[in-house]
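Two complexes come next, and they have one chain in common, chain A, joined by chain B in the first and chain C in the second.
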Partner chain A sequence: MLFRRFMATAATTAKTHTSDIVIIGGGPAGLTLASAIKNSPILKNLKIKLVEGGNLIEPLEKFNESPPANFMNRVVSLTPATISYLKEIKAWDHFKEERTETYDNIYAYDGITNARIQFDCPEIATMCENFNIQSGLFQRIKELNKDNVENPLEILDKTKVIEIKSDEKNKWPVLQLSTGDSIKTRLLVGCDGYNSPARKFAGIESRGWAYNRWGIVATLKYKDDAFRFPTGWQRFLTSGPLAQLPLPDNWCSLVWSTTPELADILMKLPEEKFVAMVNAGAKLAPSEMEYLYKLAAKNDETLMEEISWRLNLFNSKLKEEEYENYPLEIESIVPNSRGRFPLKLSHADTYVEERVALVGDAAHTTHPLAGQGLNMGQGDVKSLVKVLETSTERGLDIGSKFALEGYFSERYPANHVLLGIVDKIHKIYSTDSSLLVMARSLGLDAINNTPFLKDFMVSQISNK
Partner chain B sequence: MLAATYMKHASTRCWTKNLPLVTSVRTSRRTFILTALSTAATAAYSFVSPSISLANSLENGTYKPQHFQTTNERELQNLEAAKSNKPMFTRPEPNYPNHVPLYTFEKAMLFLGSSLGAFLHPERNEFIVALGESTAHPYFLNLLRDQMLSDPVGRQILKERPNITSTSLDLDHLSNLPPNTFGRTYVDWLHKEGVSPDTRVPVRFIDDDELAFIFQRYRQCHDFYHSITGLPIVREGEIAVKMFEFLNLKIPFAGLGAIFAPFNVKRRDERWRLFEVYYPWAWQCAIGCKPLINVYWEKIMEKDVNELRKELGVIVPPDMRQLRKVARMRRLKGLTN
Partner chain C sequence: MFRKVAIKTNPLLLSKRFLHTSPKTYNAVNHTAISPSEMEHFNKLAATWWDPHGPQRILHKMNLIRMDFINDTIKSQLKLNEGIKNDEEKVFIPGWNYKNLLPSEIAGQIEKEQKAAIAAKYDALELKCLDVGCGGGLLSESLARLPVVSSVKGIDLSAEVLRVADEHKTLDPMVEAKLNYELKALEEVPKDDLYDIVTMMEMLEHVDYPAEVLKEGLAHVKPGGHLFLSTINRDFISWFTTIFMGEYVLKIVPIGTHTYSKYINDSEILEFVEDFKKEYEVVSSKGCIYLPACGWKFTSSSNVGNYFSAIRRKEKLSN
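Now for the complex of A and B:
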């Protein structure tokens, strides 16, 4: 009798749920997909579950109720196309707009010759914290769940996916979760980042290479000594681009892509010296930076003095009209806001397989120099939702490869082109061979002075 | 019939004679039409152009009706017009005292004039000075600057920007130093050659002030190079030092001097000494020697000179004055050179 009771409890704990779509990953891509599907009148009655391994709901609720005083260090640039889609799925209203910064100018200049290109277009992009995006989408999902009581979106956070198997009878993916439950689903969408288990389950190969660069992020505050329109600055040093992106209230977000050795040196520096290095990196010549890196490697005491001497000399030589060619100097850094992540290029061979679709970083990763990674993922979501709507209207099985292929054929070429362009820009600006440097500076100056080319580039960056 | 054959001949032989008349008439008619049309177009345009400029100014918002102005307004307008009649090309501001900003064509002319003058009359200081400054392109000076910035002593020199004059060096104190010190060697050399550190002309034509300081430093340290190698200030000695400087510092002016100056050396024994003794010395010395621009000369005055030479890797060449004296004596005695 005891034995039977034991078996009875064992039987109730491990349940196998069934659902139409399971989204693995609670990042911006996964949450946007979930809210877009639930927002769509055609798809909103599908049973959808979102599985996230980390703690998602608590921090997002906390962010919504009492956002942190300082800006977080993971910030992205949203293109107008992304924002219009977020407005379309009515999630934008839940974003904390006072923590976003819409800017009109992008200023990119060469690290060796100071050749520059300047884009000036109203609302060319908006800076937004990753957490702000996730929290806004989460609030929208909660709102949608209130209206959709029979089929709410279930978010299973703090739940890791242990294994994904194929069901023997109908080949549907079965996810084994860390809670002991398992979910059988018609369609599995992998929004689970570069090391996507969904992609591995589908047997899709992802090709690319590591850039051997690390992106250092930090939140910094500008000095209040002159006026600048909110501008995205990017200086192409040979070790990698140093980007300062505007946040509200004279704050800025730093993304400094640099070699592993320099990344180690910079991360170990005390915060004051790190700020001085950022100021030096935005203005000084490469030969001077070499010496400063050597000093920084030893954490030399004279580093601050040297930097202030060279910067004062540099600033004293600038003419009036050249002041605006450089960003304001940084005054301070939010304590402990330095972080880093490795940079790589990857593109999956295909985005869709029988019962599996890949969205966002699971499908493609890119260099942050153009700020397009997350926006490509948002474009993926828009396309996938459209394809799912079309398939549902036609009565197709949304998990079949036949139904999903429209998404792959629409997004793959566009993403591939953008990945290729960003990769080539990175390669062109990684050399210091004088022939290439001259050629690229000439080219950049030529483009800067050709209005129609610039307009074309702006339209490609922002309105895709 | 004769007339007919003549006409035939005329037509076959002199057919070209008839044509010009016809074509010149045609071309002259064409040119006439073209000129008439262009005159008509110009006339029409000049008739319409005031309206066009008026329309433009109305669109820009810069339209100022002329006849409703008071005298005051008219005067103000004239003043503004005078201000806006600024010349197209203004000379840029000087970046440091003594700076004379030159346009590129002026620098080119300076180079041409001074190169010719320095070749023919190297004893005249102004040619040498001008040649040095007109050939000191920022590219080479930037290389030198980067070299200085990556060396700690060079960096210190750039920070402190020391200026060498007879007072800053305190020549009296130096002449009282023991004879094996560098300071004493320097002062002895100054006395022997009869020169003073004050004769260095300030840099005028280099635009960036840090690069101008570097060139000034090079000019002022020239005497130190003489004294540490012991070469005299005769033309032969200067050429040898120039070769050494070119190989060590890569300043183009020194290279020009080292390559072209020997062409003007007429005496055969002098030329032999240059090519067989001093140029090989310069090559060997410059290869093994540290970049001399990074030496803070003022601070090592009390160092032992041979120790200094070993530290820097400077080899002392054969005494030029001695060799010249020997050669002169041989010439006087009628021996072959």
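Now for the complex of A and C:
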């Protein structure tokens, strides 16, 4: 009896809403898409909801009002193209620019031969915390909502999508939410990451492979004993690239891609020894690293001493002008900032199906070595918004695959090429076969000394 | 097979199609009627009308450029400074060459202000539309989805395709309320029903007496409103692209879709409207061509192949 009464009230309070677009996922891709649509004079009157499973609004407000003293460990590289889009949708003004670092130089060097390539281009990339991006976009959405009282963007956070079904009559997706409500929508956009429920609902296959590598991230601080221009450093060890990317005030963000075994060892090390291993990884030879990993596995007491002795020896052999070819030494780490995530390549067979579009990681994931992951998602958003605008002006049903086709045909080839290049770079550098090492080092030196090739690569990296 | 087609539709064997002279024999009661064979052809297409990957894909694609033509024409006909007396408030309308003459920042600013003024004027419109020969409703639905369109009436002579259209519109709540279809001929639409937009897309080349149909359609245009039509020039290029390549070689449209002798030249439309120049004027004509893998693109000449034309009914009679 009681149960039945409970059911009865549940049934009367649960509502079915109708929407033009539902975005799943409140990450950078989802929030960029939401603000770009509401920023568009053509699209701003659409009814849009953004559904996010986690707690989003509260932490974003907190970040905006009183940002944490230390940098967070989830940091991404933004290309100039991404930044100019964020400026175009007037979100960049809400970013905390003092927490971002724009740099001009990238040094990439071989972990075996130390053959190097240097890219020098004004404002080649900007490092920015994920949370800073989300917070800036969220503030922009709030601002847009103030000017659009009739059709504000609704963010439903702490709300999980339990099930997605098709409406019996017109096949529109109906999302059953954890709050008990459901939303029927003309178009469902999955900004919901690698395991995208939206992609699964649409029955779109995603293909690719795991790299059998983990990316270890951490926030580190350089020793303040010499001057370096803000530089992105990347050393290609055979286990994977070790990247140190600049943040303001001599801070840096680490992305160390490595094998699962080595990742285990590095994650378990006490923080002080982990810092020493990062310093070793930036300079020492593969044979030395191998020895150090063995000591690290045992958490050996002599590890620190071993590393500092070897680094001193290495430094003593450097000529004065060679000093600047290597990053400064790391002095400290933000406590508990170490984290790791698995690396994989994946690409969805299509980004659009009847009533569904996929954006960002839901459509493609890549190795972080080129810092392109988030930027590809931003490119997707820009393209999708343009397609939605054109389709709306032409009076098309924006949920139909026919209206969305242009988005897929524009983005798929571009993303595919980038995924492929990054994949090849990973493969070329994950070998120690001497012939290939020689070839890649020669190639790198050759490119480094061929300005027009380098210019082309810079334009590709920065999407300028 | 090709030889047979060639003989049937050889351009050299065909005489001129005079639009401005009414044909000698026509059924006065139902002169917008289409022949039974045309009717049968469209009935066969009904089932797959709304499948953008089906035999009508090229029509779905064409619908995109139709909407562009309609939107562009309406926007270009807006009178930005109408009713504004104060010079300060007027939008500056520069000469055609201003982008070459003025510094880019100034030209950019002028363009931006002009676009904003156009958008504001356009957004305030409330347009009533009549889609003649609406078929399965591709254009009718697209028109109905525009916020500036308040209602759309679609008429057609095939009950079968209208059933498809009626069924399809119920799938989208956005168009359902604004759109209704009626099985009737153009002359059965009440004489005093006037519309801001009357459309005759890919339709005139299927009727036996296009001049009568056009005249009837123009009578339903509100002063200041437009009749939009698209059809095909009667020339070798058209025969080659629409019939030879389209129907027989690439097979992108069903065989029997076109009848060469029924094609109408853009110049014939101009000639026709010239007879009514006190009341009507052709404000825009644009050619278009289907490029496989690219879709429909506007061309530089409306005298070759497919084309669109927009006829405006003047607000006041002129001399």
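Keep in mind that, in the parts below, the second predicted complex is superposed on the first by the 453 of 464 C-alpha atoms of A that agree within 3 Å, B and C clash if a C-alpha of one lies under 4 Å from a C-alpha of the other, contacts with A are read in each partner's own complex, and residues count from 1 in each chain.
Assume a residue touches a chain if its C-beta (ideal position, glycine included) is under 8 Å from a C-beta of that chain, and two chains touch if they have at least 3 such contacts.
Fair warning: this is a prediction, and the values are worked out from it, not measured in the lab.
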item	value
First, second, both or neither for A:Lys317, with chain B first and chain C second	first
Partner chain in contact with A:Gly203 - chain B first, chain C second, else both or neither	neither
Contacts of A:Pro335 with chain B and chain C, given as first, second, both or neither	neither
Partner chain(s) touched by A:Pro122 [first = chain B, second = chain C, both, neither]	neither
A:Ser400 touches, of chain B and chain C: first, second, both or neither?	second
Touching partner for A:Tyr291 - first (chain B), second (chain C), both, neither	first
Partner chain(s) touched by A:Pro451 [first = chain B, second = chain C, both, neither]	neither
Chain A: partner with more touched residues, chain B or chain C	C
Footprint overlap on chain A, where chain B in one structure and chain C in the other make contact	none
Touch list for chain B against partner chain A, complex	95, 146, 149-150, 155, 159, 208-210
Residue ranges of chain C in contact with chain A within the complex	52, 60, 63-64, 67-68, 71, 119, 141-147, 170-174
Contact footprint of chain C on chain A as seen in their complex	18, 41, 45, 169-170, 186, 392-397, 400-402
Footprint of chain B on chain A - complex, ascending	287-288, 290-291, 306, 309, 313, 317
